[in-house]
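Next up is a structure, given as structure tokens.
Note that the chains are named A, B, C and D in the order they appear, and that numbering of residues resets to 1 at the start of each chain.
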Amino acid sequence: MKEQTYSKTELMICVAARLFEDGATCFIGTGIPMLAAMLASHTTAPNLVPVFEFGGTGAILEELPRAVGEARTWHKGISALGICDTMENAQRGFIDYGFLGGAQIDPYGNLNSITIGDHDHPKARLPGSGGGNDVGSLCWQTVAIMQHDARRFVPTVDCVTTPGFLSGPGARETAGLPKGTGPVYVVSTLALMDYDPATCRMRLKATHPGVSVDEVLASTGFELLLPARVEVNAPPSAEELRLLREEIDTEKLYI
Amino acid sequence: MEILQSGTGELTQPFDLDEFRAWNRKKSRKLVDKVMPEAEAIGKFVYDGCYIGTELYGTVRCPMSLAREVVRQRVKDLRVCGQGVLELDLWLAAGLVKKLDITYIGLEVYGTSYALRRAVESGQVEKCVEWSNGAITWRLKAAAMGVPFLPTRSMLGTDTLAYSAAKVVADPFTGAKVALLPALVLDAALIHVHRADKYGNCQVDGITGFAAEMARASKRLIVSAEEIIPTQEIRKYPDRTLIPYYLVDAVVHAPYGSHPGEMAYLYGRDEPGIKEWVEMSKTAEGAQAYLDKYIYNLQGHDEYLALIGEDRFGRCVELREKRE
Amino acid sequence: MKEQTYSKTELMICVAARLFEDGATCFIGTGIPMLAAMLASHTTAPNLVPVFEFGGTGAILEELPRAVGEARTWHKGISALGICDTMENAQRGFIDYGFLGGAQIDPYGNLNSITIGDHDHPKARLPGSGGGNDVGSLCWQTVAIMQHDARRFVPTVDCVTTPGFLSGPGARETAGLPKGTGPVYVVSTLALMDYDPATCRMRLKATHPGVSVDEVLASTGFELLLPARVEVNAPPSAEELRLLREEIDTEKLYI
Amino acid sequence: MEILQSGTGELTQPFDLDEFRAWNRKKSRKLVDKVMPEAEAIGKFVYDGCYIGTELYGTVRCPMSLAREVVRQRVKDLRVCGQGVLELDLWLAAGLVKKLDITYIGLEVYGTSYALRRAVESGQVEKCVEWSNGAITWRLKAAAMGVPFLPTRSMLGTDTLAYSAAKVVADPFTGAKVALLPALVLDAALIHVHRADKYGNCQVDGITGFAAEMARASKRLIVSAEEIIPTQEIRKYPDRTLIPYYLVDAVVHAPYGSHPGEMAYLYGRDEPGIKEWVEMSKTAEGAQAYLDKYIYNLQGHDEYLALIGEDRFGRCVELREKRE
């Protein structure tokens, strides 16, 4: 196999795509999650059931959606209903995975997309909770997809927009969130993280090819747990890159 | 009812269900021709300080022509229930927004909204009360159902709840914690549909977003439609009526009314048109120039249609979703 | 005008039909209310908006519905949605009138259609609340249509299935029912009744032609209030009878 | 949460939303062929003592062929969420029902149900818990939304509430009294539709009654359909999907499945067929004879179709509602 060059974003999309479980319902947020879902549906998860916020379920992802309500989110789909159908499906336990982004993440997987700085006098006003909080509250498992640097991987997020494990073990249940839900993975531009079951804290699982553990730790603003053995993610395959470049992001919106 | 937690956000639009009932009682149930120009509709039903919402996104089945008319008429001090892309960006850039019940305002694939950042960080928008998309929709649904609140298991334990006006209580049947979302009654709502008759009976193709809920949660409802159809067509397919006429105050004929956004099965997104706003909105001056070019310098949607031109619309039509 | 014979039921339907307000939304229960609504829409209330429980609104009543969900309830209608649409319209204040029946009625207009006798060991099990309670709770004004005898017009109903004024002035508001709602008329086989605004008690308004006030009082199991002047209802017109017999109840289901 | 009043009715089907979520998590999201004979569907998913519901009325888009199969299999001790005409009458006459969450069981234009009277007055039905039609639907809607309860302003102040399992509380936002209706999760639901594909994606024409709510509130859902259509048709009109496949456990092909009731746009009511039950159900013996003739003596819906015969169905088809 000839070696190929690829961008950090392309690698992140590929690593995220490989996490999709075939035949699972997945709530897909705007942006990178859309590319990852589409790549997965063309590779390892052909029976993936994409769910988009404003009502589209079971679309065949032939063209990349650029908005969570556009027709591509229910193209040849199973149903095109409304946001209540989607959100209530999640609340009723029908959505297996949620794929999300955020501006900040903390060791417990809590995400911030409201403000940087004080809420009422922010340094930066971010888009807001959107469907993120609902996804993080109601889907069974959530996967965050993030740029990796110390400004984003922070000890404490300025706002807990989307619940991860909140303050740690048991906190979700105490707050009243549905039993058995929570974050499972973080895919970043540097690595794949999971969570330590005992402490609910983020743990390095696998570095991206060419990235050292030290680089990951240095780019993380909190103590990242280390497992006994850190794996290394496989680089994008030629086929993954071809799909991404020639069939998925043909307009070069992301890659 | 013991309150376990109260969000600290302001209840931007206080509600009284009996007052909403009394309002609805006065709305006519007669079949009256409500077709009017967009200027008249906005002039009549949208006013300074009113609480207003638009349905779906600036890039998807969004009442963009009505949203532009709101800017053109320089309606001030709007309180907005905010989930949007281009439409709310225009209002923010034009300085029309005083308070936001915000869930998401951004440019989707193009990132954070510059207009939102400027408007909030400068203090021009006085309040942001936070909600999730689900929560804001359920608030509309509560009003649509005629009940004072709906419970949810979303938002619990987060700052989204802490900065909202929701309350957490224990479910009296099982003791489980739930967040109660107060009903949200809008003073005015703008919804764009595929087809309407002159009385306001509306049909939509594809996803229905939160049109059914918002239509029922609003005191005044302005509908814009790609096409005005005979009532006979409504009566032939009453199972397609998403919004019945008695909810509607004005019907505006607006072909390409969602441009530069899409309208499923009719036309696709105008990507260059969307990118133009993304680029120009990076600075306040750029945004102002955009508003001049596409709103202030034009009399209305007819002139907008002429400015965009048939060629560009034709390309959007080619890109439409098809039933296959 | 040539004198015509008519049945008590025909007269009751005509008197009820004349109460429909043109251009109003009316929730129509099974049976006599359907005939009255259809007669009204062919005479004094051509812009009547009939609302049927399971989702039909604004039907053109060309044929008599025999069930509150059959296609005649949305024939050439404005909308054919679901029961939530209808009931929530009522809860939101969009339904002006509700036309109802019941097995028993008391002086405050409370209706019973659950059981005769003890609830848990009934002498007679009736159909149940159905949409009646929702109509009586949520529509602005309700009109009851009843056979008139002392077993049905009782001092106390065995079950308050559908709220009238409950225990009297202010009781609806105290119970939490929407402000400004309540019963307005009772149309029976003998007379038309309304309610005294001060006491919320049932009051005779007009007797049917050929029926004496004494007969009405003797057929009422409680003290029926009497106004200063009791009116007399007009008999069915030739046109009303023709419509009823030749266009509305052509299958003689009711008349 | 301070309870101002509690209905004294039993919560016939206790609920636990997390358990319902766990159940839903296990339901397959794969596209699997679920078409099976009615006997297999009822045999697999309806069991003694289960809590069951049917959607719409015995005379309107009702799963009559499935309801008859439940009788044929003599499933016992059913707990039923009851709003019905012929279908529940059959179950009551066959002695299958132990408890009722009742809203309305009657014969509509033909008056009170004799089967209901006999079953309740004899004590064969052990419990009747009362609700309004709105209330029982909102209970299903609560489950469909995944929340523990929904509030309503209906039922307040009445014995309907007193004999229900609702609770009255003060709205924490305004202090107004509301009744809280507990979510109702069914063990099994039967719904009849115009069209379904083999996976269970369903379309309905005309009113949708409470199909959307009941489908989402049920652990097991058996759908009968007048017609089985290719999935391609579903994917062409995803905006017509009322019930998506992942809710469905069995798809039964049942032409004239609502007979003697109607199916909008396909066939009208068989009035003589309905009157036959009205007359025969006046006595226990008559009802038994009806059950023998139309259920016990037949192997299934195919034999029922043969017994009724094309002539009678033809007359029903003539009486159908048409789109004009």
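Just so we're on the same page, contacts are C-beta pairs under 8 Å (C-beta built on N, C-alpha and C of every residue); 3 or more make two chains touch, one makes a residue touch a chain.
Quick caveat: nothing in here was measured; it's all calculated off a predicted structure.
The chains that touch chain C as well as chain D are B. Relative to the C-alpha centre of chain A, the farthest chain centre belongs to C. One finds 28 Å separating the Cα centroids of chain A and chain B. If you average the Cα atoms of chain B and of chain C, the two centres end up 40 Å apart.
Centre-to-centre separation of chain B and chain D, using mean CA positions: 37 Å.
Multi-chain contact residues of chain D (touching two or more other chains) are listed as 17, 145-147, 152-153, 176, 178, 206-208, 236, 238-239, 324. Multi-chain contact residues of chain A (touching two or more other chains) are listed as 56, 74, 76, 80-81, 84, 90-91, 138, 178.
If each chain is drawn as a node and touching chains are joined, the picture fits none of the line, ring, star or complete shapes. By the touch rule above, chain B contacts chain D in their complex via residues 1-3, 11, 15-17, 145-153, 167, 169-174, 176, 178, 180, 182, 205-208, 236-239, 323-324.
Touching chain A in their complex are the following residues of chain B: 56-57, 59-61, 82-83, 85, 102-106, 108-109, 112-113, 116-117, 120-121, 123, 128, 130-135, 137-138, 141, 152-160, 163, 168, 176-179, 206-213, 262, 264-265, 268-269, 271, 320-321, 324. The touching residues of chain C, when paired with chain D in their complex, are 30-31, 53-56, 66-76, 80-84, 87, 90-91, 110, 114, 119, 121-134, 137-138, 159-163, 166, 171-172, 174-178, 251, 253-254. On the side of chain D, the complex with chain A involves touching residues 17-18, 20-25, 27-31, 143-147, 201, 216, 234-236, 238-239, 241, 244-246. Across the complex, chain A meets chain D through its residues 23-25, 47, 49, 56-58, 60, 74, 76-81, 84, 88, 90-94, 96, 138, 140, 178-180.
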